[in-house]
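Everything on this sheet refers to the single structure shown next.
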Amino acid sequence: MTELPVEHGLLFAAALFCIGLVGVLIRRNLIFILMSLELMLNATAFVFVLGGALHGNADGQVMFLMILTLAAAEIAVALALVVHLYRRYRSLDADRLEAMKG
Amino acid sequence: MIGAAELRALLPLMLVALTAIGTLLLAGFRRDARLAALGYQGGLLLTLLTLPWALPEQPLEVTPLLRIDGFFGYFAALFVLVAMAVGLMMQRQVRSKTSGERVEESYVLLAICLLGALVLAGAQHFAALFVGLELISVASFALVAYPCGGRPSTDIRQRNSLEAGLKYLVLSSVASGFLLFGIGCLYLDSGSLAFAPLPPSTSLALPGLALLLVGVAFKLALVPFHFWSPDIYQGAPTPVAALVATLSKGALFAVMLRYLWFGALQELETLVPAVALLASLSMLGGNLLALRQRDIKRLLAYSSIAHLGYLLLVLLAIGHAGVAIEAGAFYVLAYSLTTLGAFALIGCVCEAGDEPDYRLEAFAGLIWRAPLLGASLMLILLSLAGIPLTVGFIGKFYIVAAGVDAGLWWLLAVLVAGSAIGLYYYLRIILIMLAPQSEPSGIGGGRWLVYGLTLLLVLLGVYPLPVLQWLPVL
Amino acid sequence: MAALLLWIPLMPLLSSLLLLLAGARLGERPVALLGVGSVALSALFSLAAILSFSASDGVAWGIETLPWFSALGLEVGFSLHFDGLSAVMVGVITGVGLLIHLYSVAYMAGDADFARFFAYLNLFVAMMLILVLAGDFLLLYLGWEGVGLCSFLLIGFWYRQPENGYAARKAFVVTRIGDVALALGLLILVQQFGMLNIQDSVDQARQLWPGSDLAGWVALLLLGGAVGKSAQLPLQTWLPDAMAGPTPVSALIHAATMVTAGVYLIARTQGIFMLAPQVLQLVALVGAMTLFLAACSALVQHDLKRILAYSTISQIGYMFFALGTGAFSAAVFHLMTHAFFKALLFLAAGQVIMSLHHEQDTRRMGGLLRPMPFSALCFAIGCAALAALPLTSGFYSKDAILLQAYAQGGAGFAWWLALAGALVTALYSLRLFVRLFLGDCRTLPEPDNRPLLCWPLGILCLLALFGALIPQPLHDVFSAAPQAHVPLPVHLLVLAMPVIGLVAGIWLLLRHRDWRQAFATGALARWWRAGWGFDVLYDWLLVRPLLWLARVNRRDLADLPVQLLVWTSRICHQGLSRLQSGRLRHYAVGIVGGAVLILAVVL
Amino acid sequence: MILVWLLLLPLLAALFAPQVEHWRADGSRWLSLTALGLQALLLLAAAGGGGDWWLESRADWLPRLGIGWHLGLDGLSYLLLWLTVALGAVSVLISWREIRQRVAFFHCNLMLSVAGIVGVFLALDLFLFFVFWELMLIPMVLLIAIWGHDNRRYAATKFFIFTQASSLLMLIAILGLAFAHQSQTGTLSFDRDALLRLELAPGLAYWLMLGFFVAFAVKLPMVPLHTWLPDAHTEAPTAGSVLLAAILLKTGAYGLLRFSLPLFPAASADFSPVAMALGVAGILYGAKLAFAQDDMKRLVAYTSVSHMGFVLLGIYALNGMALQGAVMQMLAHGFSTAALFIVVGMLQERWHTRDLRQLGGLWTQLPRLSGFTLLFALASLGLPGLANFIAEFLILAGAFQRSWPLTAVAALGLVGAALYALLLVQRGLWGGGAPAPGRHDCSRREWLVLGALALALFWFGLHPQPVLDLVREPLVQLLDAPHHAAESPPRLPVGSWL
Amino acid sequence: MTTLFYLTMLIALLAALQVVRGLNAVHALLHLIVALLALALLFFLLGAPFAAALEVIVYAGAIMVLMVFVIMMLNQGDAAVEQERAWLDGASWRGPGLLCALLLLELGYLLLASDTGSAGWRPVAAAEVGRALYGPYLLLVELASMLLLAALVGAWHLARALKNRRGEES
């Protein structure tokens, strides 16, 4: 059990979050985008676990569990859609999705 | 922990969950759209009917997560009604399409959406907020992309719904990330996930609230987080678009109302400029974007951006104006009712042919083709524009009242400017509708839903007293 | 008696209404009967009123017939007032009016709009009578604007020629500028007294205003109105153009009656003017200047009716001059005699013009003495009276003006101008007569001597000669001017002036043909002919800027900001729509950007 | 009950217009006329009550928000109701032949608009007033948008946005008042009587007053907020123009008289120089623009701007005479401008053009119609003997007592009026180039309408007393507000001129 | 121990970077798993063994396997790597990178300014979490199950069409 300065933990989470965000912003391949999303979710999960440890209660880990559930649910639907996309365009390019605009 | 009283208070949620599962089981038992619809509507009706009984006399905390009180009751009733209307729209779609899309699952998903909304209506805890939100989100991802899963409907519909589903999913997840990060900060700050007044000294609350605001603003589609909404409205099946426009936004707004009401007010002071900025940008941006939009669904999306911008005034007024909560609650009702009407009408008029036609021109001469539908459209648009004798006016009246009471003069000025722009495109549709009829085109089914909603819209516009009397219970 | 007074304006008014509504369906004879008959009845009533007025020893009587309205702070009634001044005016209007009506029956015979003509003419008489009988300023204003309207309608009577319409509009608008001044004057009265009864207001003013500037302002504004209606400087430009109307109209409206309304107004409100000596001096100056300028213009005109028009302006200038110098009764006296001889001249001119197939240019006339001796006689008498040759009525009135003016104020600048004007008057009278009746016959006339044309002329000849004998019961109206001694040389000078003019004219006529020619084509004559350039001046100063403004701002500049707003929102719409690119990553950038924004605001 | 029926009758007529048309082709016309006739009868029955309000109707509506159903009738509203009924009937009559398509819907809209206007003239609860205020516009917009001329969409949109946006400002001001009431007494109230008793801080009162003023000024219309008017008038069908010019514009002036002045006496008095100046600007600017137009209807539309400038001037002169004049002007303008629009409509029906450059010489062809045109043009220029003159004179006389320089400038508007009115006569009626012959002169129905309007103009020009008496009491009350007494101008400002 | 903390963080961040800028999906996925495992270690170090275990089992185990499955199914091959290289040119990095850096800066500023005390540092054992889950948060668990149900129904519905279509194609 180590006493980590909270600020450092938070900064780490923020950095991880931003890295994930960069991934969402720059990648065109949807698989990569999804992976970047996972990074972001994990960054937030880290914050909760950190909080749980800091305050010594279970709420943080409960929230982590919820995030985990969400990630699972989301990825299931997302992958189904990705497969659809690939079938349709033979590509995972997110930029192909631009029929609707204006 | 959970005793008889709590169980009774939880009855609406349980019924809705049961409806979801029951409908699923029905579908598994026999794939019949009508049967599924029946199960769904029956379950919801039961929920609605038992709701008064289920509501406790005094506000009741059911686990740390939920607080079942008048506020919950009001929004629960509203959301159940909305879900029923969306279900009806869904049903109509089946009847008009003989292609036999599988819609049974969609009722399950709808019910889950509703469950999420009910959780949000009662949430007094961030975990409940999060789960409720994600219930709505995940279910609506699938619903938005729904046509992909059916038997081949038209190509464009499939393409658009796929695109909409993916965009919604990715962007919504990003926003969820922000939201979670924000909640995490707040949790880190206070060590509790319950809605409570923030301790005044801490500084982590500020970034927490700011990030929370980002997430919320995305879900409410406020400028500049609004980009997803027109695409989703356009791509999703019309009932689902209606759902996204009303239920998910309304539920999130309800929970924010409760959160702020529960005491994050003093922290909000530092957020006021940010919220005011979002509100102004939304009011102006939404209306400007809608100005010359040619697709009716996108236009509605933009117009709801503006409406949510108006609604944000309530959040700002909440600490200062006594009417703010009432205003917010009523506006959600007015907005939902009107938007549902609009989407029902779109379903009725635009999707009559084989290929849906969402251009504004689809409405040309509607009033001469189908006078009642035309009149309904006119009333719906007037309600959106906030003209008296429609529920939209009472809503706008309330908003302005809250703004005046709280002295938000600048925002009111922006509201006036935005409304003025808004008048242009609402009237534009009316004028198109009044144009001499171009070519005769059919009218789809489901017009009774439109009439019903319009009637309600006028009735509540003329005599909103029943609802108004309920509001102070909040 | 009161009822009698009421019927004086009511008769022509009713007949006018009748003619307006049903005239088109009636034949000429009933129309004429109605038109002339009503005026004749009116004249009869007037006579009765005047006689009974004289019999009652000149006590003014007014009647409150009906209340018009009573607002918060202002009460106005349809009240009539009859005194010596009204008597003179009513007599002139109905008398001369009747003669002109008779003449018109012949003159307008065969015109398609015969009924309309008489309707307008009767309306005019009614309005003029209301004007002079009004006991209330607002009623006077009603008559005042009413006669303006009739003038407008009659100038534009032959509406198919665009220039007639233009002249009509010009007449109305120019006089309306004066009317605005008049109205403002009334507003001061309303503010001060809360009523508009003429006699009471004047009495109040007499009591309350000595030493106050208010009298000056009111007088000045009333003068403004008078100047407009009576075609005095600087609003005289409309009258020459007004000759576009039928000649009887010119005779009645633009010579005998309406244009003297200004004189009547000043005479009527004499009490106020007396409180403002500076304004009174201004009146005199305006009159003198006008009479001289107009006389000069009359000297060089070619158009027969324009000559008469300028002469009218000039003669009314005399009246103003008289008013300004305090010779009120002389002014009214001249008003009456002028009405006689100017009506005579116009009607005779009408006969000439008709005979010459609507030729009005004097350069194409001449030698008419032999074919049209009656007209020549009429003209001779008229011109003599105009030139104020001794023993004509004009002589007495003009003499009275000049002498009384001298007696009041001595020989000032204005007085010398007036005297010079008399000389010029004689000159142009002579020129007019000579041009028409002597010399070679340039256009062959077809004399038209229908009795209806001639009889009124005959009567007017008599009036022009002996009208001065008609007594004028004005001594109660005007505070009597203090008698002052006028030296004999002045007497003689005034007496001789027209004669000198006449002799000089004959001398010029016989001797200096080349010189005359040079003068007539010279710049000075051109300038005078153009009415001293006032029209051009106003054109540049007012009309053109207004037209320019109208043209430039036809689309309403106030709409520009609105258009700008529309344009701006359209641009914003396009910009925002372009941001909506449809790309997932761009949308995500929106979210991140928004987050950055919010955090930046929070920071 | 009479008041409620006054409102209900046109509503019912609107509701049943489509049904009636099934029975009889022109049934909706007769239905509208009947409704208006019955309204007139009700008005006759309502005449001459005593007290502040001749009739009052009160009921709860939304008691939680202090909103009630409160109607009241006094001389001022009575007069304007008569105007509404009369010109409503005129509108029906003149559209007898002009409107051939969707007749029932046309009358539906017409009657709805009339109902809204009646409501505006009766409402004493500000919320209710606002509801009616908005409500009368929608059918008007439809009238323009469906039966208008070529550029009707643009005109309708502009009209809609101008009026609605400005009325939102009024809504804000109304709510401001209601909350001020709440902070002073603890309850919300939108009732005029209750709000009249408020003591407002000067700054707040001024801003709230401006909120009301802008809404009313747009409707009036006041320069520079007038630009919707020429478009709306020009593009509207004749009946629409008549309704707009004759009645709808009056609601703005009525609002000023009924709400703006009494609710904010001190602020209005402070503001009055500005308002008067704007009124004067309107008089001159409107006249100038009218003078510049080639389109007859546009010309008439701009004369409205000019005439309503007089109304604004009169209202903000804040004395009895001017106020009476302003009311008189509302009436007179209602008749004269409506008549001119009707005439233009008739000409257009016959020649399919309103362009003065193509018209001319009409007198030869249509002496009767031309005579009427002349008469109404004269009324428009304020010829004594016609109603407009009384109005303008009273306004000027009243305004003069408050500010003589402004009045002097305003009086120039009389010259301007002469310019445009006579230009209309000269260019339209006189002149040579008569268009193709063979057009019929006034039909009997047209005669009836025009004759009635002409008669009204003469009647109120020669006997305006009934009007002045009707509004005397309300106006005196208006001026007796305690704040005005302190603000009333000294009696003799002119004495110190030089 | 503290060193281990920072080291693990560094590994996680580096692995995350590799995920974001990776060209080959499978490699990126492996990096992601590394990052997740590093996180799991961090959780463990923070005294949350339950979370750490779940992270490994559910995340690195189940979810990632699902992704691997999809990646393999789509089977993009080497062409895809080239494609990725083309898409990831420098220009596309710059703007978003800057924006995110800005965000990080703002967040860092706000977060570092906080003065959260560290009074209650305490490991939270699995049993405690379990008690919370089946105590006050019982309802939450039920709702989470509904969430999974939604995902299940949704994914199943969407996947059905694939089956259908494949049937049509063949």
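Going by the order they are written in, the chains are A, B, C, D and E; count residues from 1 in each one.
By definition in this document, contacts are C-beta pairs under 8 Å (C-beta built on N, C-alpha and C of every residue); 3 or more make two chains touch, one makes a residue touch a chain.
Remember, it's a predicted structure, so these values are computed and weren't measured experimentally.
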Common contacts of chain A and chain B? C, E
By that same contact rule, can you tell me which chains touch chain A and chain C alike? B, E
Looking only at C-beta pairs that count as contacts, which pair of chains has more of them, B-E or C-D? C-D
With chain centres set to the mean of the C-alpha atoms, which chain is at the far end from chain E? C
Which chain wins if you rank chains by how close their C-alpha centre is to the centre of all protein C-alpha atoms? D
Chain whose Cα centroid lies at the greatest distance from that of chain A: C
Per the centroid of Cα atoms for each chain, what is the distance between chain B and chain C, given in Å? 77
Averaging C-alpha coordinates per chain, one finds the centres of chain A and chain E separated by a number of Å equal to 5
Could you please state the distance in Å, as a whole number, between where the Cα atoms of chain D are centred and where those of chain E are centred? 69
For chain B and chain D, let me know how many angstrom lie between their CA-based centres, rounded off. 42
Two-or-more-chain contact residues of chain A, please, as numbers and ranges. 6, 10, 14, 17, 20-21, 24-26, 28, 33-34, 45, 50, 54-55, 57, 59-60, 62, 66, 70, 73-74, 77, 81-82, 84, 94, 97-102
By the touch definition above, chain E meets two or more other chains at residues 96, 99-100, 103, 107, 110-111, 114, 116, 120, 137, 140, 144, 147, 150-151, 154-155, 158-159, 161, 165
Going by the touch rule set out above, which residues of chain C reach two or more other chains? 577, 580, 582, 584-585, 588-589, 592-593, 595, 599, 602
Dump the list of chain pairs that touch, please. A-B, A-C, A-E, B-C, B-D, B-E, C-D, C-E
Mind pulling up the chain A residues that touch chain E in the complex? 1-8, 10-12, 14-23, 25-29, 31-32, 34-36, 38-39, 42, 45-46, 49-50, 52-62, 64-66, 68-77, 79-84, 86-87, 92-93
Given the complex with chain C, which residues does chain A contribute to the contact? 21, 24-26, 28, 33, 94-95, 97-102
Quick check on the complex: what are the chain C residues that touch chain B? 569-570, 572-573, 576-577, 579-580, 582, 584, 586-588, 590-591, 593-595, 597-599, 601-602
Can you check the complex and tell me which residues of chain D touch chain C? 158, 223-224, 226-227, 230, 285, 288-289, 291-293, 319-321, 323-325, 361, 363-364, 367, 371, 378, 383-385, 389-390, 393-394, 396-398, 400-401, 404, 407-408, 411-412, 414-415, 418-419, 422-423, 426, 429-432, 462-465, 468, 472, 475-476, 494-495, 497-498
Please output the residues of chain A touching chain B within their complex, sorted ascending. 6, 10, 13-14, 17, 20-21, 24, 30, 33-34, 37, 40-41, 43-45, 47-48, 50-51, 54-55, 57, 59-60, 62-63, 66-67, 70, 73-74, 77-78, 81-82, 84-85, 88, 94, 97-102
